[in-house]
Amino acid sequence: MINVGIAGATGYAGKELIKVLLHHPNARITGLYSTSEEPKAISDIYPEFRGKINLPCNRLELKELVSKCDLVFLALPHTISMDIVPGLLGAGKRVIDLSADYRLKDPKIYEHFYKAKHKDESGLKESVYGLPEINRGKIKNARLVANPGCYSTAAILALAPLVALAPAELGAIIIDGKSGVTGAGKKMAPELLFPEVNEDFKAYKVNVHQHIPEIKQILSKLSGRKIAVTFVAHLLPLNRGILETIYVIKNQKSKNPCLPVGRKNQNLNALYKKFYKNEPFVRIREEGDFPRLKDVTGTNFCDIGIKADSDTLIIIAAIDNLLKGASGQAVQNMNIMYNFPEGAALL
Amino acid sequence: MINVGIAGATGYAGKELIKVLLHHPNARITGLYSTSEEPKAISDIYPEFRGKINLPCNRLELKELVSKCDLVFLALPHTISMDIVPGLLGAGKRVIDLSADYRLKDPKIYEHFYKAKHKDESGLKESVYGLPEINRGKIKNARLVANPGCYSTAAILALAPLVALAPAELGAIIIDGKSGVTGAGKKMAPELLFPEVNEDFKAYKVNVHQHIPEIKQILSKLSGRKIAVTFVAHLLPLNRGILETIYVIKNQKSKNPCLPVGRKNQNLNALYKKFYKNEPFVRIREEGDFPRLKDVTGTNFCDIGIKADSDTLIIIAAIDNLLKGASGQAVQNMNIMYNFPEGAALL
Amino acid sequence: MINVGIAGATGYAGKELIKVLLHHPNARITGLYSTSEEPKAISDIYPEFRGKINLPCNRLELKELVSKCDLVFLALPHTISMDIVPGLLGAGKRVIDLSADYRLKDPKIYEHFYKAKHKDESGLKESVYGLPEINRGKIKNARLVANPGCYSTAAILALAPLVALAPAELGAIIIDGKSGVTGAGKKMAPELLFPEVNEDFKAYKVNVHQHIPEIKQILSKLSGRKIAVTFVAHLLPLNRGILETIYVIKNQKSKNPCLPVGRKNQNLNALYKKFYKNEPFVRIREEGDFPRLKDVTGTNFCDIGIKADSDTLIIIAAIDNLLKGASGQAVQNMNIMYNFPEGAALL
Amino acid sequence: MINVGIAGATGYAGKELIKVLLHHPNARITGLYSTSEEPKAISDIYPEFRGKINLPCNRLELKELVSKCDLVFLALPHTISMDIVPGLLGAGKRVIDLSADYRLKDPKIYEHFYKAKHKDESGLKESVYGLPEINRGKIKNARLVANPGCYSTAAILALAPLVALAPAELGAIIIDGKSGVTGAGKKMAPELLFPEVNEDFKAYKVNVHQHIPEIKQILSKLSGRKIAVTFVAHLLPLNRGILETIYVIKNQKSKNPCLPVGRKNQNLNALYKKFYKNEPFVRIREEGDFPRLKDVTGTNFCDIGIKADSDTLIIIAAIDNLLKGASGQAVQNMNIMYNFPEGAALL
């Protein structure tokens, strides 16, 4: 049984962490912290927790975190984690950071996308990108896990088999991503008011979204070649879930007659199934069958469907942005780090 | 053809005024003003207006308002109108105020509900409550119309025939009101963020809502007796529309065997139809038939259904909170004030 | 460990039963049955179950139910349960029926509201109304539990302390109920299509809803007097949750100066807290604090807030219609029947 | 003033036609017809029309249509129009068909996508594809206009300048389309029930949608080359609106250094603006600015934004599927056919 703390407990990811961890057999929540809310009982902030958890949500303070927790989840806005992580690691704590602060290995790219100079390059070097399907071995012993972005999780899982096994065959990669509103975090912004989002749909950060360098970094490393992607994010009028429709164009210069293992769909589905055969949270659909959001919301699964049409491959991946895209994946990482059953509290 | 200005043009009611007035044969929008947005073209703030209206939205200034407009619609947050109205009236302009500033005749009640001292008691005395079905004659010649609150409009229209014709028979009056989110205005508030409202439903300002004194003031005047109401407001996860379910309990002390004109539903429906027979924007349903929101959204109608059950009368009224509950009614008032056809731009 | 079957596994309540029972430490789902879907794996009907449960959903047949299950949950449309229950009881099985077939003790009232003659009057006599807060003792040994209706659950829990402790003080009782769309069950009806419900709100079955006799039967028994209620149901454009705003008018003939224990709110809240002090799934709010839907969706709780204003008492109760209003309550009943911890799989 | 009839008046497109035509200065609705509803007053079917239109909605009969109308709008399910059109044309009437029956010039392709043999090949030859921006001249004198599909309208308007001006430069074209639920028509289907669509998002008819041949036919004709597209349709949990995110990959074999007129965005925006400079219902955004659904819902506009990134061009087009995607465009066609102002009842 370990003691865990949640910094940023009142945001959407923090709240989801509480919900998941309340059912964990090996972890006990011992501290809740917020940078935005006045200190009070978490069940006064969120009455749904009455009778379930009886803890105050305090102001974030390193000292208290250190004294109360073995492992700390940081579910803070970007650029805040890097102020706290060095102190936590220095005190011998392990950290799972749900922000973007430790995902991008190149601090210049971080600065470009997050408009802040990186303050902890040593942490950046040490951090392990917390996508279990790619990095399980390293996560096991990590002191600092950089929990992946929500769009990135779906995109990387959808493309990993292709870039790993057949990079030379790939031409343009288009990721058309759609996310529910909790993906934006719980922040005041006029464009997130109910009447603005409801009955509306729009693209945003068109091909300049901060998850692009993250996707490129991980896919390029996996494939051994530079992988480029075009990515457009869209805002869905619903609370949770990400669905990405991904189009992979055949490399016109490739001599092979078609995409990786032939145009025949079952072969591609089989290839994906084999690639993920030991993964508890990736489910590959049969040929011609695609996931919808409802198949994954409330779960830690990433569901993937594939269709090959002439020179274009269509891949659809769906996750719950608050679970596999954030808090569920963070707990999956914790389970790996502490040798708990990987599905504990998640299945 | 008159020149009209809209102060508060970027809020929900202001934007709706633009939409309605764009189709008005006798009114021309000559000025748009905002207290919150930086000055720029209204079509840059709201791209839906591109190609439809080509006007800047300027900072609110009395002088410009006076020079450009014959009639001014004030769609400002409460407590701001009373700063501007005296100057407008002094300059010979006519004003339709969509805020609450000129609705409550007693400044002490205003202060209690709106947390601000009233600054224009002479305007308050002069103002005419702009519910055409009750006050058409006075509206005609008014310089200053206090456009009714959205909940108040539905409640008063639903109850007017009863309180006017049979006040002695009425016991407790319960108004269970439900409103779409635009009813709260376009303001930043954490509880109005999409993920907070979507898939949620709640009561708010339980029996302390600021429309209660407005409803009581008008109904009491109509009936010649003090009318009390219990009113609970609720927030619907949708953009526009108000539906109120109203319960009138028989006065247990009344000697009459039952409610006004007998338990027989058709009689009550007939009484309502007669009461509103010349009203272009009130539609009374047949016995046992009730309006839903969709019947009125996008229109200036108030639809009313009635059912009498033993000692309880059930009345359901529906309006579009942005039209009959705000901007549509404001234009209806303008039409009356200027002898335009009452349904101009509204039917 | 008991073996349980679910008849009607593909409806909203049936699906929710699967979700809850998958986490139950003492119950194993051994059979799934449907009257509407073609037989196939439940994870082919609902892909969200892939990797979680690997059972076929078969055609409903008594013989198979009897051979595979100790306890059967019937989540079938009304009027079907009564065909199956006698066979199940005869075979020594225990039954929790989520339909209305065994709730109303008077078969004539059943016939009036459900438009079908009752076929199992002996079952009707034996059945226990499955509201644990009222009937825990009887549920313990019941062979046949009639799981309460969703609106009824919230209404009865909200009113039980009053009708039990102070029936003479009560005048008119008004229940203004609002339910999410899953409350209507998964049935084809034009008025349940997305574009019909979305951005709409309406009352339905105005004071003729089939839960009225159920509420009256239980409250009258509790109070020892005939309790009448006015009840209007409304359809919310959201998936799950019921919120009821209840108005209790003071009996004008009562000599007591006011409602039960004085107008002072804290007294009423204290009275409610005392009444439910041992109840794991009822949470009473502090004075002036009211539940919203989000506080209870996804949980088995009923949250209740109370406010006393002059001669009117306002009570707001919220539940998740699929959990405390159906499947969660059914599992709570199972837990009681089998001496499992009452919160197993529910907390 | 012409007399117009609407066949299929109770579906979503039919109802929208009524709403638009009620404000038309030169057209009078003289007949309403349905194939699904029992004959009754349209205001009894849709109470929102009470006080606005007082016409029965009758069973569809050729004879009555012929006797009452000069022009007939057919807003019927696919495969029904072709039974009626020959009779209408034979009687000297003009027809605007909102179904797909007269859009695809090759009856084999029609049969493949609509699962029905075409019965009126002569009508098919004569029909004019009713996209005013492409075919205004032919529409003017047409007896039979095939009103375009909703997805097709947005896709063709978004791609027309490119395929017309620079077909040789274009490689793969990917259309990621998202539509509100009214796009599916008012039909009973379990997957269109509110709880199925709400809080969900999914792809459907992945690259096999029936609008694909329509888009290809029109774009190929425009460009003089065979244009292929990949198209995935998605269902948005909202009532109305289509937004398409379109990706155009540079033809890797083209010698030109980049897309049509250079990577510089303003050039492309300028090219689009010039292409549509006389079009009243196409609005091109400035560089880096993209439309959202709300900019066009309730209007007949198609708004288009463009961004050129390295070898990929991103185009986003938005329309209201019931207006520019169906009924608004049908009225625009009528205005052209009868020399009415093209924006009559639409601006």
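Think of it as A, B, C and D in the order they're written, each chain with its own count starting at 1.
Just so it is clear, a residue touches a chain if its C-beta (ideal position, glycine included) is under 8 Å from a C-beta of that chain, and two chains touch if they have at least 3 such contacts.
Owing to the predicted nature of the structure, the values given are computational and were not obtained by experimental measurement.
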item	value
Minimum number of chain-to-chain contact steps, chain A to chain C	1
Identity of the chain that, by mean CA position, is farthest from chain C	D
Pair with more cross-chain C-beta pairs in contact, given A-B and B-C	B-C
Centroid distance [mean C-alpha coordinates] between chain B and chain A, Å	47
Between chain D and chain B, distance of the C-alpha-averaged centres to the nearest whole Å	38
Distance from the mean Cα position of chain C to that of chain B, given in whole angstrom	39
Sequence positions of chain B contacting 2 or more other chains	196, 198-199, 237-239, 291, 294
Complex contacts: residues of chain D adjacent to chain C	12, 180-182, 186, 188, 190, 192-199, 237-239
Contacting residues of chain A [partner chain C, same complex]	46-48, 50-52, 199, 280, 283, 285, 291, 294-296, 298-299, 301, 303, 347
Contacting residues of chain D [partner chain A, same complex]	171-172, 174, 176, 178, 196, 198-203, 206-207, 230, 232, 234, 236-241, 243, 245, 247, 249, 252-253, 288, 290-294, 297, 307, 309, 311-312, 314, 316
